[in-house]
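Naming follows writing order (A, B, C and D), and every chain is counted from residue 1.
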Amino acid sequence: SNPTMLNPRLLRVRSALIRQCMAEFLGTFVLILFGLSAAAQVKTSRETKGQTLSIHLSWAVGVMSATYLTKGISGAHLNPAVSLCFCILGKLRWGQLLPYCVSQIFGAYVGAALVYALYYDAIMEFSGGVLTVYGPSETASIFATYPTEYLPLGGGFLDQVVGTGTLLLCILSLTEKRNAPAPPDLIAPIVAGVVLGIIMSMSANCGAALNPARDLGPRLLTLTAGWGTEVFTSFNYWFWVPIVAPIIGALTGTSLYLIFIEWQLPDEPQESHPEIFSISPSIKQSVALWEKEEEPKSTCF
Amino acid sequence: SNPTMLNPRLLRVRSALIRQCMAEFLGTFVLILFGLSAAAQVKTSRETKGQTLSIHLSWAVGVMSATYLTKGISGAHLNPAVSLCFCILGKLRWGQLLPYCVSQIFGAYVGAALVYALYYDAIMEFSGGVLTVYGPSETASIFATYPTEYLPLGGGFLDQVVGTGTLLLCILSLTEKRNAPAPPDLIAPIVAGVVLGIIMSMSANCGAALNPARDLGPRLLTLTAGWGTEVFTSFNYWFWVPIVAPIIGALTGTSLYLIFIEWQLPDEPQESHPEIFSISPSIKQSVALWEKEEEPKSTCF
Amino acid sequence: SNPTMLNPRLLRVRSALIRQCMAEFLGTFVLILFGLSAAAQVKTSRETKGQTLSIHLSWAVGVMSATYLTKGISGAHLNPAVSLCFCILGKLRWGQLLPYCVSQIFGAYVGAALVYALYYDAIMEFSGGVLTVYGPSETASIFATYPTEYLPLGGGFLDQVVGTGTLLLCILSLTEKRNAPAPPDLIAPIVAGVVLGIIMSMSANCGAALNPARDLGPRLLTLTAGWGTEVFTSFNYWFWVPIVAPIIGALTGTSLYLIFIEWQLPDEPQESHPEIFSISPSIKQSVALWEKEEEPKSTCF
Amino acid sequence: SNPTMLNPRLLRVRSALIRQCMAEFLGTFVLILFGLSAAAQVKTSRETKGQTLSIHLSWAVGVMSATYLTKGISGAHLNPAVSLCFCILGKLRWGQLLPYCVSQIFGAYVGAALVYALYYDAIMEFSGGVLTVYGPSETASIFATYPTEYLPLGGGFLDQVVGTGTLLLCILSLTEKRNAPAPPDLIAPIVAGVVLGIIMSMSANCGAALNPARDLGPRLLTLTAGWGTEVFTSFNYWFWVPIVAPIIGALTGTSLYLIFIEWQLPDEPQESHPEIFSISPSIKQSVALWEKEEEPKSTCF
């Protein structure tokens, strides 16, 4: 009936894994597009068209938008550290891990490339045409994260472990029905709020990457786009920290969540579908009476 | 029973199209009223009564308010580029397109006129009574968008394509039931959040019009209100870019959405009404048993 | 079973009107407490502990909190202009209007008195102990609204008409079931967002009172607390504008809403309870079949 | 079926009280981690990587995250003053009060210790290695609250009473079904919004502790980490005010809530489960007819 579209089934990619990788690619692309564009806007306008807070808020909008866009296809991981944790928790098959991670990094690379194109003139104007990692007119920090001068390697590593650990600790509880879950269709903005909080509070040391793909993809873009090998060698080969530490952090946060919360929750009620939108006990009671079943115990909110 | 109102049916305009155009007019009027007033407040107060972020947030509130106001009547397009995409997707008839666009542009013009009246004294005070497009006391940028000095035409065109493309890509997924849709009654604030993110991250180059009506309507107001023909001729006849590029961008974003997401989603379940607020499987099961039908498969969230 | 509380029915005030007035008093008290405290915090700290945006956000939180607190008792008007419009729309009896308004003004007065006590030392420190309406160390504007120097009376009047009109226009649609209503239990934060938008975009001229009680109550407090009669005589007896103009504005906004939206909406479906949380059509269909009734037409979202 | 986890029942701590204390410990830890990290980020970066508003927003995210994390186990008090009020209202047993409070203070201490580790290098850089309570390079205020110079003790005491009173007054109404309750699964962000409003408007005098654990835990950390006994003796032994005054404030706010709202609400409907997600009156009516019961009166929203 709709003449402008072919039968969608013919257009669907056959392999579920490729469909998921396409979604992770697009989701990470969108996430990076929001975050890096805001960083470029604030830096190249010398904070006249935004401030630190607008960068932080844009990352949050990126998380929200990418989650709504891809959750129904790939689960909206958007982050290799999250994918790894979901493998360990049995929510993702191990065979999906590498394709997911590659798609995320590639999406981040392409997102960064678009931001470079979008702000090419502004970056040239701001930097005087010299793309550098150091100094007052550096522009590498628009794309990848770099530590402050005073930060030792151990401090940066701890920072990324704590930041990513906080992220996993806070988002794992949001869907657990035995706890006090968030509305399923508002997970996206609530996770965005958590990410906003972490960036506002834990980005002073080294930029709150929290995500190996978010950091490596754009760093590769700067390598290929003219910033040179310094993007990898600077700050004593800092680049590996936002790749490795978020993974350790994600595992730590997941462990804390399991020990303190997940394992301590009450058993799931025997009733098979205790969903949020289930009908009220009064009607259940009516139906139960009618079916000669026992009246269920009413539980308070 | 209510003596203060006549029978509403007598007051209703007969033509559905005129009712829809009235709604698009009012919605775009409200959108422009919020956005331009905030720009006027920040500029004429020399950032003492607000800052860049409050302009960005006001646009978001405008989107939210205009959407709640008009969604039930006209679908709350508020943007010719959105109307065009909805025609292509088969959600709007082609015959409605031109009336929608004219209403949107006219609503934007009248909204801009009210902002001019509202901030007349402030604009005169700020500009010293000289309404100009260039210089430190220019006030034309309160109304329409202008590029930064360094931006070439191609850069501005790309900017508007990317911004509007991001908008469409991110909002088309919000209502798709086969994906992870937003709550239907919270679409308005979520779309507002997406718009906020785009303005915070993609307005440095040329002001993030994203919407031909939002730009052309207020630009026409400045032409007629004393800024002169420079509002159209300045920056090498820039005015046509925020009219044409958002349309290209909207089509690009829609295409990306179809290719990466829409066509890759699973089939809709056979059940005719798999709605969010459907009753829980347990009661369905009870009813099914009673009707001697087969028990439906329970699906996890 | 709860030994710390008496039977609540014994503690309830007999008169429904007095209960409603108590709620309006408390709600307006809370609204004013948030808004004026934030203004005092920002001014007396010389913007080191907040900025314009935090004042605007605090007003929004005040609206949200006061609405949740009192909606179930008095409807959470918190504003004489809103009460008047609800009388005209038949949602409030005329006999309730004056008691509502007096309670709102009294709540605003007491809220302002508490803010004065709370920030007494800060105000004395900031102002050098001299409470004035004019000059760089004036503190009267923490409490009531005053126009900018350049604003003529007509401009201020128009400003208040437009601001309050926008408020009513935007909130009246939120509960209309035939339109696209907001979730009933999230009306409070959404109205808060609308108020935030109006204050961010329409407070530069004369402070966005939008509410006769919000302005008159605190102005009376400053009169009695030491600022002198200048709070009423200054700016050419400005005080009456934020009392009268919001009422005209509320009526204008309500009229625009009725003409452009309310009267143009489709008829309510014949079904008597088309609520958001109604059960899904599929179960209705089952029940209908069982009751030998006709199957209702399924309507798309 | 999940090989990576043992049977959760084996891992669950036997004592419900210990499980609740673990949850309160973790929740307060998370709350403090967000709030203090943001304060450290803004102060040590000399406001280049955030501003006052981002500290305020981070506290709000901390409240939201900690609430979602622990509400299903311990009720997410996170504050001894809240626990005390809940004891008085009969929602917590008195025997749980001390364990709850100790867990909250200990969680706050450990959270502060992690923030100290996280920002150790930044604090050393900012302070020149001298940890002090006074002066332009003081860093004690990252952790605990201190009054402004001009504030007398009584003013500080009143401030904490009013702030905590406002908190309790505003959050107690959110779950009351006879009033206009917030969505149960969105209580966390709405309470976060209330906390944000209070911090934005009532933190100028003495930092808005609002919570004895939030203040005492981090203050103990600074005592043990090198700031010396001045953290307790400074400002004329200020430290006891944010411990005692929030308790008085919580009791005052609770009393106001009971007098003005709780006791004035209508009786609960006779129906035993008048929940938000109950089915619509139309289906109730059908069932009622079928059960030969009387049709319930439909009530408007």
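Odds and ends about this structure:
As a working rule, contacts are C-beta pairs under 8 Å (C-beta built on N, C-alpha and C of every residue); 3 or more make two chains touch, one makes a residue touch a chain.
Chain labels with UniProt names: A, B, C, D = Aquaporin 10a.
In this text, all values refer to a predicted model and were calculated from it rather than measured experimentally.
Interface of subunit A (Aquaporin 10a) with subunit B (Aquaporin 10a): the two copies contact each other largely through different residue positions, with under half of all numbers used appearing on both sides.
Summarising the inter-chain layout, the chain whose CA centre lies farthest from the centre of subunit A (Aquaporin 10a) is C.
Once the centre of each chain is set as its mean CA position, subunit A (Aquaporin 10a) and subunit C (Aquaporin 10a) turn out to be 37 Å apart. Subunit A (Aquaporin 10a) and subunit D (Aquaporin 10a) have centres, each the mean of its CA atoms, that are 26 Å apart.
Residues of subunit C (Aquaporin 10a) found to touch two or more other chains are 51, 53, 183, 186, 277-279, 283. Every pair of chains that touch is listed here: A-B, A-D, B-C, C-D.
Partner subunit A (Aquaporin 10a) is touched in their complex by these residues of subunit D (Aquaporin 10a): 2-5, 8-9, 11-13, 19, 22-23, 25-26, 30, 33-35, 37-38, 40-41, 44-45, 48-51, 53-55, 57-58, 60-62, 64-65, 67-73, 76, 114, 117-122, 124-125, 175, 183-189, 271-273, 275, 277-279, 283-284, 287, 291. By the touch criterion given at the top, residues 51-53, 56, 88-90, 148, 150-152, 155, 158-159, 162, 166, 169-170, 173-174, 176, 178-183, 186, 190, 193-194, 196-198, 200-205, 256, 258-267, 276-283, 286, 290, 298, 301 of subunit B (Aquaporin 10a) touch subunit A (Aquaporin 10a) in their complex.
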